[in-house]
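Following this line, the structures themselves.
Okay, so subunit A shows up in both of these, paired with subunit B first and subunit C after.
Up next is the complex of A and B:
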């Protein structure tokens, strides 16, 4: 186990981040900012209206919390792929190409942003509180659905990060084009998809399948016969997040392979 | 005055170099606008058609104007001065025959003037195409609105300047900057209009300059606040701008007394 190069790399990165305890503590707390501002947005909306997109306050908070936890997990593990343009510009990607390990696996283990763990913890706490305020008819299937949803959501966002990074091989200077799908997808996943107009609903169901991250599973979890696309029952669609994640991963990995082949190095 | 206008022009030209980045930013603002427009529309519909003075069309106009102003007013981490303090480059600023704060302010106004074109107009165009916009027919609203946007940029700059000044005393700016961005994002009215805030949050927002950075220019631009109401809001903005700039000047002077530059 200790000889596994990935384990060694990840352990080194984790140690490097936690050496400066004061800075690490500040960053851990600072990472909660997104949780606080995201929750306040929903809180303010529900201070004015009793229901949004067919969901009441606890259910909407649950959608937000599950989307938030999934994204924070993906961000924790692969969020630093955002920095790929820096590697491309400075030519440091060449060093990764020389080592006898897959480039993507090396890049992913090149940094684990432990400070983002603050958001995962806060989001999970929020999800627990929201679940306590909803009436879930708990069964082994429901518990499994919750676990599958969080894992599939994290995998889906991770795939979006990889896909966005793949596009950087061509764009280099246009990081924000792809960021709008990654971060826009995470923002959209935190709201009931039913609030969107048709263009945004199609975009966030079929192109960037954010609806599968939290909204559809929550409909299945709470047995709400919500407005699922295509007239399909939400009870079935809620279980489909792994399929959506697999689809995004397929596109992302194909894109990554094409991008890496397109890469020609930045110089000598 | 001519010197100052030159500095504004230089700020404009410096930012006009990064056109692709600006358009990419506009794309992001448009995607987020699409999401926010959905949320705001659904909320207003759930409230029965009007909420806090906004109906369906003025609600989405509020969203799109907000997305258009994110770039010019600047709601991101700005650490230029802090880096100059840390590296000692601030000594060069002090040696120049212009006030460092006013020189940076001029450059920031130039930046905002440029960024408004590639980052402000596309979200408005997308908004007009997708949801429609309720813009006022009265030219006076645009004159007051542009003035209000200019004040918003000055208030935003003064706040960022103050946060950067902590670099004179602190080594790591990330803590104060993150806190600042968090409070700004909540209280400026970017995600949800300040008029919708529950009492305690509205009271907190009212005693901060943050609504002057976004809520006010949007309301004045779309004619939501007109006439004397708009003039009153502009006066509030002007007071914040003057107060914060005065504080910035004072604290900068205090900081320079503590500053020690290594090397020669």
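Up next is the complex of A and C:
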């Protein structure tokens, strides 16, 4: 009986992770720094203003927490894609090309950063606390919306990582570029989109659809008629994050394919 | 391309050309390798060997010309081809760096969708034949170069490929590791009939492992024939250097050899000989008949750079 190759690859990666237990624990704790500093930023803002983009403090924390959980899940699975230049330089990508599996699938399963899981846990805890301080009219639909939002958000961020990695086939020294692209998007997703001016708001809704990750779903979740861009009702747009994720994935995969073709055409 | 030639040839390259910017790395290579053959692909560093291999395996697109490997277009059928070939780049690892060597075999077995039992049996066979037992449970990053290369070769052969492509497999290896690897490769070929393309600049590899040689220089095919023909054309002889216990008169006229030089009043003498015409044992026997005691000897393989230079001078 042949095992599924991806299951085997991920299992081996997990084993390699826990080999270094000491540093694993330290990095797990260290990864919480991003959660804490992000939360403090929101706290400082709300110490000065009562509401931001139509959201009160707990709602803004909820936007931050959902964006944070989504991003950390994507980072956990595909965060290492921003190290593509290292894979190119070490020849690992050539080794991938010599194996009968898609290169992107091999790259994704080449590493998994369990230590980043600390952020997922912290973000989830924060979301639970924030939800307790908001008045959500819970229904099966609302619960489903929350689950869909987190999954679609993670998928959307993962697609951003893939797209940014694809660009690096052209900019082999482009790690910095990826960082600004992906982390810029994640920063935006964790804040109410309406704090940004209109061009930025349009950008983050339709170009880098980060608003779908948390802001619009939270508006729908809390039944806030809200400041959805383009005058479309948040109750509808809040459910559209899977569509946004699918759109970003389509672009990312096309970009990846073009990037890989560029690589095999231009050589290493 | 007729179907007969596709079945007969494991590699078919026609006018293969690859340009990087202003530099032409491979310039109109045409050659074919019959199924089951072992071909040495030699040339100096930067002659275009690795570029050719990348085009034959689907890593790199030719600028023009075409390649068929196992009857497949390497770029269009890269994954299909990957199931049928094994490739080792001596200077690049395809093993999982931070995991024990054995885990790389497990991973590759799953990637090639071999059954668990098949992976275990094949791993046992390779561990035994390549003598990996001592370090198969050691993380790859802790292996010596010789150990790692043996691991790489085992990994490339795990799925039983029809064609094995080795790019500088013995570079940096000590004599013993080189020899062990060569013996293993000879044995695997006779057992499984694996075709072999061996890119190297080690004439010893070529002499031991291949029956035909392609010499590439500046991206062009400079020679295609047997080692005997190459020796005939440019004199790619091996040298035996004899250190004698006492000074002796020049050892000329030994059958099958030519005296190249003698130093220190005849204490050290250098003879050249063509592989196939005589053996080191025969030379030693002939030397002993002259009542000369040999204290030590070294054998020098012809230098590939010199061979290529002479190909052009001739």
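Methods note: the second predicted complex is superposed on the first by the 261 of 268 C-alpha atoms of A that agree within 3 Å, B and C clash if a C-alpha of one lies under 4 Å from a C-alpha of the other, contacts with A are read in each partner's own complex, and residues count from 1 in each chain.
Basically, a contact is a pair of C-beta atoms (placed from the backbone, for glycine too) under 8 Å apart; a residue touches a chain by one contact, two chains touch by 3 or more.
Owing to the predicted nature of the structure, the values given are computational and were not obtained by experimental measurement.
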Check your understanding: Can A:139 be said to touch subunit B (first), subunit C (second), both, or neither?
Key -> neither
Practice item. Scan A:52 for contacts with subunit B and subunit C and give back first, second, both or neither. Key: first
Revision key, fill the gap. Per residue count on subunit A, the busier partner among subunit B and subunit C is B
Review point. If you stack the two complexes on chain A, which partner ends up touching A:95: first (subunit B), second (subunit C), both, or neither?
Key: second
Exercise for review: Determine, under the contact definition given at the top, whether A:33 touches first (subunit B), second (subunit C), both, or neither.
Suggested key: first
Exercise for review: Please work out whether A:41 is in contact with subunit B alone, subunit C alone, both, or neither, and reply first, second, both or neither.
Suggested key: first
Check your understanding: Counting only touches as set out at the top, which of subunit B and subunit C does A:4 meet: first, second, both, neither?
Key -> second
Exercise for review: Quick one: classify A:16 as touching subunit B (first), subunit C (second), both or neither.
Suggested key: second
Revision key, fill the gap. The subunit C residues in contact with subunit A across the complex are 18, 20, 51, 54, 57-61, 75, 78-80, 82-83, 85, 87, 89, 91-94, 96, 98-99, 103, 106-108, 110-116
Review point. Touching subunit C in the complex: which residues of subunit A?
Key: 1-5, 7-9, 12, 15-16, 19, 90-91, 94-95, 97-102, 264-265, 267-268
**Study point:** Partner subunit B, residues of subunit A touching it in the complex
**Key:** 23, 26-27, 30, 33, 36-37, 40-41, 44-45, 47-53, 173-177, 179-181, 183-184, 187-188, 191, 194-197, 199-200, 203-204
Exercise for review: Over in the complex, which subunit B residues touch subunit A? Could you list them?
Suggested key: 20-21, 24-25, 27-28, 30-32, 34-35, 37-39, 41-43, 46-47, 51-52, 130-131, 172, 174-175, 178-179, 181-182, 185-186, 191-192, 196-198, 201
